[in-house]
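In the two complexes below, chain A is the common chain; its partner is chain B in one and chain C in the other.
Let's turn to the complex of A and B:
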């Protein structure tokens, strides 16, 4: 177990390092000048040079990257010209375009993306696994065909379309729910849930399809295995066979998928955030790419990468718990 | 413009439009409230729903037209746009902190302003001339970039001045006493009162200046103070206890509180305002025009129609020629293209005649700019390919020619839809158009850098204030060809006579005389076909059902928040 964790920690670090190098290289090679964007119309040479220096883009690439690494491990000071801001380790950088430390910008948005991801995951697991089990048990029936159709349609519908339609019907015409705006859970749990209900549902509708199909095929496969036949021979009830034995085995691939999806969503759900007007990590990333706010782009990429790597490790752990045949190699 | 909105969202948009039409206008309920009365309009919370945030809310860094939509609620400036009307007079400049719009010297190189008596900041301290001087000086600091370039170009010593943070002041701004500010300019500038509407002319108390952090809580001189500011993305403004109507004849400041929410999808903004449920009944659109879905409902839904306001902002979308690239050096080719263009199909490509009107002049069709009607290459609504062919034959292309049209890739007014409309119309005149798309920011860089400027591309221009100067000079003044980038003189025109006429018009301090001069210059330039004007945009915006006295300013095309009531 300890060896597993150590190895995972090492590979996480390597992935992070490679990611940061790649992001730096891509942005340095791109023909953009963030200083000119910040500086505005008719910005001349001297003024432009001062802005470039403030942004740190006047340094050679390796030096910029070295400063970044140094800040990550030991913290660093940022001189805005009128005042100096200290950013303590782990310092992911400082966005001069918004005058905020990058880490703060990300962590301030994390509760939103976590609420979005976890809430939606609960909904899509209920929908997906439920539909998958039903489909497996009623194979070939009209119900199964209808379910397959619905899940396929869900998979084919992009979240921005589902989101807009749900909002128009539930908030615009029927006025059952407020037009979503994020309310923190700690502030008002009821408002939190009612504002997030539509984002959860629209994300879940899109995601549930994959879970339903995966649950169905894995469950059918497991139900055909010897130990299930044996269980049936012992006269166990069908409910106990399906829920107690077959489903447990069938869920391992679902767990992997879930961990990957959650990891991805924690790093930002750009389309969902955009449709519902949430100021989340995904939106921040797109905005920062547009304004060439390099420190923020690097920060979010690392952050998102971190979640995906961690999610993978968690998936492996859960795998081992769900299926004792899988060891932690 | 909203680059970040995924193109994909447009698909959802179109579908919503259809559905909205099918459902009719069931959701919106009529409001039965009393008529608007400035005396009793105070109270309530106004919500502003917007796509774009305010950015850094520092008066030095903001780049506004006429003081902007939200900034004008917090920052009073020496002069301001006329807030009191949605008519053409809204494009006039009126005094704000100052007693008049400025006293020019004989040749308009020295401008003197006197502050009104009794002006106060949000903390009760009096506003002095030194605060105005300091506010302007801050905008020169490279640490606070982003504002308009005019002050640097106009004030003596502005080119070298690097702001007050290193201790130096700018001697060309004089404050002989606490209520007088004098500006000394490098050359005559009759438009100085227009520039004085910019947020850079808002007073900043030196003792409260926190440098780059000032944007988080700038000190108010207007009717509202900033009580919460999430980096300009969402803001809450509440009443400034030291502001009264007796010292401000421009703003009514009816709502007790104004909440600014940005980051919303345009379709969502329109749906929320149309539905008008809960707080949205007291909301207005900050930067979003009605979409096809709402437009389709207007004919059958009188209540919704009553909540749409039409407004104008002086802007022109046009096709730009770069005569250093062949065959655009040939005036006959440029004229042939001018004849061949089908303005109606271009307008259809951007959303139809509800949101754009055809343009044959470069100046916008508002009197403030000096609009002088002309149509030297009359192409009718749908183009005159026969006349175009005739001119091409004269130019030595009897069998037509092949050219390239550059455009941006985003679905905007400089995007593929407009390019395709132009391509089709020119095709009828025997001009084969190859399209050359590039991503938005690359497109901007390419077209604004003379060394990489394409020969023929789609462009647009909106003025910083409603006058002919900022509209024509950046496009046609030979001394404004910026070889290092940021160039809008696409024709790279450097005609001594044009330059001299621009200088002469800049000297005029009488708006009516200046309007005549700019109008005449535009008409002269029009004959040479340096551009093909396509259309002037029209803004149509929606408010919630309990919003009163909402009109769109003809200065900047946005709702005047300082006059709206929600009570």
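Let's turn to the complex of A and C:
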């Protein structure tokens, strides 16, 4: 167990390091000058040099990267010419555009994306696994066809279409729900849920089909195994066989898929955020890329990468807990 | 006869257009035992499943009547059937690993069955599970009940499955090839256990098996099946002693006999051709602790032996004895951890692939599973021609001619070049494997369990073919197998292996008739013999041997 955690921690660090190098290389190789953008119209050579110095883009690439790394691990000082700001570790730097600390920009938006991802995951798990189990057990039934239809339609439609349609119907015509705007959970749980209900549903509809398909095939596979025949031969009822023996084996692969999807969504769900007008991490990333706001882009990339690597480790851990035959490697 | 526990009349089972069981009738009285014997595809397992109505969910069509302990299996509702299954008639399956749920502990699975049928408390069910596990000989049953199936050995798993069958004290035990996946000494233990339990609980036993030896010692009556029909049915001593039906006769004569001396020895053995010295092969296993040393398992633990030109060496042992590892090392498919492999005076132990290439034509191998050792996407002709193309760089017409000759030599039609492995039977596939190994005219042929996946009658043919080819090509043959009777048919000398070592090595007849090592004796005593009288004596002998080794 300790060996597993240590090894995972090490590989996480390696992945983060490689990611940061790649992002730096890509952005500095790009033929844009962030200083010129910050400096704005009517910018002369002197002012441009000042801005460049302030942003640190006047230094060679490797020095910039070294400073970034130093800030991340040990903090760093920013010299704005007139005064010096200290940014303590872990320091992701300041946004080129807004001068805000990057870490704060991300953590401020994290509750929104976490609420969105986790809530949607609950909905799509219920929908996907339910449809998958029905599909495996009652092939060709009405309930199965309806659920499969809904999940397939959901997958076929992009989230902005589903989201807009849902908003039009539920908030516009029927006025069941308010037009979504994010309310923190700690502030008002009920408002939090009712505002997020539509984003959850539209995101879940897009994701559920994959889960339904996976559950269905895994369950059919498990139901054909020898130990299910044993359970039948010993007089166990069908409900007991499916819920007690087959489903457990069938759901282990779902763990891996879920961890990957959740890890991905925590790094931002651009489309969903945009449709519902949420100011989340995904939207911030798109804006930062457009304005070549390097510190923010690097920060979000590292965060997203971190979540995915961690989600993977958690998936392996859960998998080992769920299946007694699997050890932690 | 209303006193019969089980009455089957005119049973038919159809899978679509295929009739698997065709008009089978038999009865089984309480406390008695019946053997259902047949080769693969004879429908014997299909019958076993039909008795508990297990075909209901499979889409097969079952006709005729099955009366089990007063319940008409065909007419009963699903709920009535469930009351029967496991409670009054319990089933033991062939592969105990896949037959148990990998996610549940052994104890929990047995307790669940007991609770379903008795409605007892969780606590009482758990106690019952420990009780039956103890009865079937699981040591420290109270603690081991919490173990999962993968933590048990094959024999222990089969014991656990028998414990599950025993949990509700059924009147009928249906055992479908219960020992086929087990080693011969473990098989003997399991069969002896079944025998004991049957006597103790007055259970009736329906034993489904391909092995006439297993039937001989464990059943009162036997029913021989072929192609879904009963060809012979009667008391076991009569059927095995004086078979009336030609198929039964053929089946019995095909069974290799442990006590039959080999007809003619092969070519007089010449000088030493291949010699291994202090051969060792280790594999890394789990690492213990954070910075612990990587532990290593020795699959082969210091084996030395000489292989003489033209001789046939039989290597026998149970699973895990290292016999397959030795076989693969002999042809240098594996690289040894230590030791020497001398072929014509050259040490091949650590030779590079390039150095080995010319030697490869001299050392060939026939593998156990003829289906998985042939590429399913290539024709059998290409499979046989590949070694010729690689080593001799011959043209296509010559390759085709050579393949035709080889196919004919192993008893297959010469024009089968374009067939695919899935289009031919298991025995034919093994013939292809042999033809491929012979293509380069090797001097040493190592056969790793070449017949263990084949039916007895096919087995006999392939063994005969190997013996013929050995003589004809002057081959030096190494025959690796777990079946002692089969090995005796082809071997001049025998090496008995256990836990990576050779415990006994000698002339075949001496090893079989006057075994020196206690393990060899134990192994020989465990082999089932298709003769009920002999088997009865052997059961007693096994008990004596077991108690003797217990005293030691």
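As a convention for this text, the second predicted complex is superposed on the first by the 314 of 329 C-alpha atoms of A that agree within 3 Å, B and C clash if a C-alpha of one lies under 4 Å from a C-alpha of the other, contacts with A are read in each partner's own complex, and residues count from 1 in each chain.
Convention: a contact is a pair of C-beta atoms (placed from the backbone, for glycine too) under 8 Å apart; a residue touches a chain by one contact, two chains touch by 3 or more.
Worth saying up front: this structure is predicted, and the values here are computed from it rather than measured.
Superposition of the two structures on chain A shows chain C fitting alongside chain B with no clash. Touch criterion met: A:235 reaches chain C, while chain B stays clear of it. The wider contact with chain A, measured as residues touched, comes from B rather than the other of chain B and chain C. Touch criterion met: A:325 reaches chain C, while chain B stays clear of it.
Of the two partner chains, chain B is the only one that A:50 touches; chain C does not reach it. Taking the C-alpha centre of chain A as the apex, the lines running to the C-alpha centres of chain B and chain C meet at 150 degrees, rounded to a multiple of 10. In the superposition on chain A, A:279 makes contact with chain B only, not with chain C. By the touch criterion defined above, A:173 lies against chain B but remains apart from chain C after alignment on the C-alpha atoms of chain A. Once both structures are fitted on chain A, no C-alpha atom of chain B lies closer than 45 Å to one of chain C. Put simply, chain A uses no single residue to touch chain B in one complex and chain C in the other.
The touching residues of chain A, counted against chain C in their complex, run 2-3, 6, 225-227, 229-237, 240, 244-245, 248-249, 322-325, 327.
Against chain A, in their complex, chain C makes its touches with residues 52, 54, 57, 81-87, 90-91, 93, 95, 98-104, 112-113, 116-117, 148, 150, 161, 164, 286, 290.
Chain A meets chain B in the complex at residues 31-32, 36-47, 50-51, 54, 80-83, 98-100, 158, 160-161, 164-165, 167-168, 171-173, 175, 178-179, 181, 271, 274-279, 283, 286-287, 290.
Residues 3-6, 8-9, 11-13, 15-16, 19-20, 23, 26-27, 56, 63, 141-149, 152-153, 162, 165, 210-213, 215-216, 230-231, 233-234, 261, 263-265, 267-268, 271-272, 274-275, 277-278, 280, 441-442, 445, 482, 484-486 of chain B are the ones touching chain A in the complex.
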